[in-house]
Amino acid sequence: MANNEKKTTTFLEKIGQIPRFWIYLGLLVILMLPLILRIKAKPRMGMETKMVYDFIDSLPPGSVIMLSFTYGPSARPELEPMALAIMRHAYMRGIRVMGMTLSVEGTGLGLEAMTRVAKEFEEAGYPLTYGEDWVYLGYKTGWAMVIRGIGGDFHETFPRDYYGNDTRKMALTRDIQNYDDIALVIDFASGGSPGSWITYAYQQFDQKVAAGVTAVMGADWQPYIRTGQLVGMLNGMKAAADYEAKTIEMMEKRFGYTPKPYATVGIVSVTWAQIYLIILIIIGNISFFALRRRRRR
Amino acid sequence: MPAILTWLISWKTLAAILTLAIMSFLYKENPFYRFAEYLFVGLSAGYGFAMTYHLAMKPNLLRPFIIPLLQRIHILGGEPLPINWWYIIPTFFALCYLSVIVPKYSNIIRLPFAFLLGLGSGMAIPRSFQAAILEQLWDTILHPKGYHGYVDMSEKYGWSLTLVVVSAIIIFVSVLAVLAYFFFSKPHKGAYGKFARFGIIILMIGFGASFGSTVMARFSLLIGRLMFLLSWISGFPH
Amino acid sequence: MFLSRTLPMILVFVMGIIGFSLYFIPHPAARQFENTLSQWSIAIGSFAIFLAITSLIRRYINNIKRGKDVFYSIVALVALFGMAGLGLFAGIDEKSLFQKIFINVNVPLDATMFSLLAFYVTSAAYRAFRARNVEATLLLVTAVVVILGISTIGDTQVWLRKTAEWIMNVPNLAQKRGILIGVGLGVIATSVKIILGIERNWMGG
């Protein structure tokens, strides 16, 4: 019987059974092509991304924003370009940036991201001063308590920065007492930490919070934007590419310097792969319906 | 040193080899993959310990209390630090964690657990209620206390007034339907059953949206690795 | 018995009531006390790493004793002590060996492990994503619209972007909100159970 069925398998049914090896290879080729051909996207900013952009753009120079690098290496391709873009935007507007993390793996990644942008600005001929324009505070244990702690006494929560300097003495952090002195917190998160920022910083201290999240979580945070609990959200590599394209353009115009693009290159591969996936789903379904129709006959 | 050797003996090559070792898992489980896996667990734990020591333990507990205490009883030297005697309480609870080293006394670890869990739970109740329930309900029923998300929507997304009103009604009914679906104390029969079934439909649309978004994340991660491998290969001297 | 069961139960109850009530007292002294408790929690929590490290070390030592995965367990232990030692005694700034190892060994290992999911998600979607019935069809159609709408294709195809935005902001939002409210109630119920000593799983049985 099984043998008989096999013999009469039509083409439509067969295409539902492409071996895994070819599916994998197809994906690899599709992803590699735009990278090798160096195709860059010129994306248009999505609305949730624009909300964050507009908020930062409306802050007066000299404001302080805080970035929380709450992600590990597995979310880095999506979240790091966002963080880099936001830092570029902030520095160009004269906004000062503090970095911290609630995830131990995020400690080294936050350091890497912050030093990289500092280096970019140095190469662009607009050097930033550590301790005045930016500070890296590093890691603390316990999400909720750290977030609550900053609202109570910033210096007690972060007595020292990453390098062991006294935060009561550094120019940037000297005058920061609590959330009243922080214009915006942006949590780059691979997990549920934006929820803790909302619950412990927004609800209790009216702190403005934005989130940069992996696309896995993007849909989950949507309700918080409508309620104003988040001022906006960067969702996945598309948002990273949107923001990156904008800040690269700004830096080129102002300094004649082009930072290395990352998400604007990667997003082309993502789009190609998305189309590949949809085609595969369609093929799988055609084959499924062909098989079902025959079974019914 | 010849260019090729500098390329070969570099951090980037090491990272590339490890990337390929993990990717070899796609073929099947093998010794390279296992080596990389154990190496990762060990390094991560060591990394976590050193970072926690430098950035949390030392500034937030050792410096306010333990180091100045040891200075006062002349075990440690150096410039005397100010002491905060209240920190004797967290120091006691923190030191309880060390009891794990001696399995016989490891029950003492329940004390710091109790402190953190009790405080955390107590603090979570009113705030979670506010963040996850009240604010969400206010917006669902368009209560004047809520943030006027629906006004914002029409401006930012360019929605017409009709669309805003229809959407607000859909949200209201759908939230109720999803809650009805998860409410198992009443059997899903009759009109209530039909309403709960509408809840399933909304759930499916939501899961579809989550999946649609998730796909982007999965591809992004692989692209990250491919970009790295390409940049490593392009560094090959020619 | 008192030290291992009764005292932790009393402590969890007292701390829970304190944590809960402080929220409703607007007096500056109460705010200050709540802050002090948060700062203590950060300090206490930092020592929890000993728990993680000790159980990991114990597991690998047991492996070695039982002759299971001896080589790999030694690799893990050497990596653990080596990395911790480097970080503790040789500096952690961006030019240190510690940070170099993190960026060039930890990061590729972790990132690559998760990147493999791209292959599995593609293969699984191809094999299992079928429009079998109404629910599955809805899921599939929504997924496709969202995939296209939020990608760069939506940048040029305005109707796709608009549809995806509407799906995200209306039915998806309603679904997430329904679940969110359910989870919120769950968090509160669990917290109350912990404080009242009904939920004792945290004591490890």
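Per-chain residue numbering starts at 1, and chain names A, B and C are given in the order in which the chains are listed.
The criterion applied here is as follows: contacts are C-beta pairs under 8 Å (C-beta built on N, C-alpha and C of every residue); 3 or more make two chains touch, one makes a residue touch a chain.
The structure displayed is predicted, hence computed values, not measured ones.
Trainee: If we look at subunit B and subunit C, which chains touch each of them?
Mentor: Neighbours common to subunit B and subunit C are A.
Trainee: Name the chain whose C-alpha centroid is farthest from the C-alpha centroid of subunit A.
Mentor: Between subunit A and the rest, the longest centre separation is with C.
Trainee: By CA centroids, point me to the most central chain in this structure.
Mentor: Central chain: B.
Trainee: Indicate the whole-number Å distance between the mean C-alpha point of subunit B and the mean C-alpha point of subunit C.
Mentor: 4
Trainee: When the C-alpha atoms of subunit A and subunit C are each averaged to a single point, how far apart are the two points in Å?
Mentor: From the centre of subunit A to the centre of subunit C is 17 Å.
Trainee: Counting only Cα atoms for the centres, state how far subunit A is from subunit B in Å.
Mentor: Taking the average C-alpha coordinate of subunit A and of subunit B, the gap between them is 14 Å.
Trainee: By the touch rule stated above, which residues of subunit C touch at least two different other chains?
Mentor: 23, 34, 36, 39, 41-42, 45-46, 48-49, 92, 102-103, 106-111, 113-115, 118-119, 121, 125, 140, 144, 146-147, 150-151, 165, 168-169, 172-173, 176-177, 180
Trainee: Provide the list of subunit B residues touching at least two other chains, using ranges where the numbers run on.
Mentor: Correct list: 26, 44, 47-48, 51-52, 54, 56, 60, 64, 116, 119-120, 123-124, 127-128, 131-132, 136, 153, 157, 206, 209-210, 212-216, 219, 221-222, 224.
Trainee: Give the residues of subunit A that touch two or more other chains, as numbers and ranges in rising order.
Mentor: Residues 24, 27, 47, 74, 76-77, 105, 108, 140-142, 145, 148, 157, 162, 204, 219-220, 223, 226, 235-236, 238, 270, 273-274, 277 of subunit A each touch two or more of the other chains.
Trainee: Please give the residue numbers of subunit C that touch subunit A in the complex, ascending.
Mentor: So the residues of subunit C in touch with subunit A come to 23, 31-32, 34-36, 38-39, 41-42, 45-46, 48-49, 92-94, 99, 102-103, 106-111, 113-115, 118-119, 121-123, 125-127, 129-131, 140, 144, 146-148, 150-155, 161, 165, 168-169, 172-173, 176-177, 180.
Trainee: Which residues of subunit B touch subunit A in their complex?
Mentor: Result: residues 26, 44, 47-48, 51-52, 54-56, 58-60, 63-64, 116, 119-120, 123-124, 127-128, 130-132, 135-136, 138-139, 146-147, 149-150, 152-153, 156-157, 206, 209-210, 212-217, 219-224, 226-227, 230 of subunit B touch subunit A.
Trainee: Under the touch definition given earlier, write down the residues of subunit B that touch subunit C in their complex.
Mentor: 11-12, 14-16, 18-19, 22-23, 25-26, 34-54, 56-57, 60-61, 64, 86-87, 89-91, 93-95, 97-98, 100-101, 107-129, 131-133, 136-137, 140, 153, 157, 163, 167, 170-171, 174-175, 177-179, 181-182, 199-216, 218-219, 221-222, 224-225, 228
Trainee: Quick check: in the complex, which residue numbers of subunit C touch subunit B?
Mentor: 3-4, 7-9, 11-24, 34, 36-37, 39-56, 69, 72-73, 75-88, 92, 98, 100-119, 121, 125, 134-136, 138-147, 150-151, 162, 164-185, 187-188, 190-192, 194-195, 202-204
Trainee: Give the list of subunit A residues in touch with subunit B in this complex.
Mentor: Subunit A reaches subunit B through residues 24, 27-28, 31-32, 35-36, 47, 50-51, 74-78, 104-105, 107-108, 138-142, 144-145, 148, 157-160, 162, 164, 195, 198-200, 202-204, 214-216, 218-220, 223, 225-229, 235-238, 262, 265-266, 269-270, 273-274, 277.
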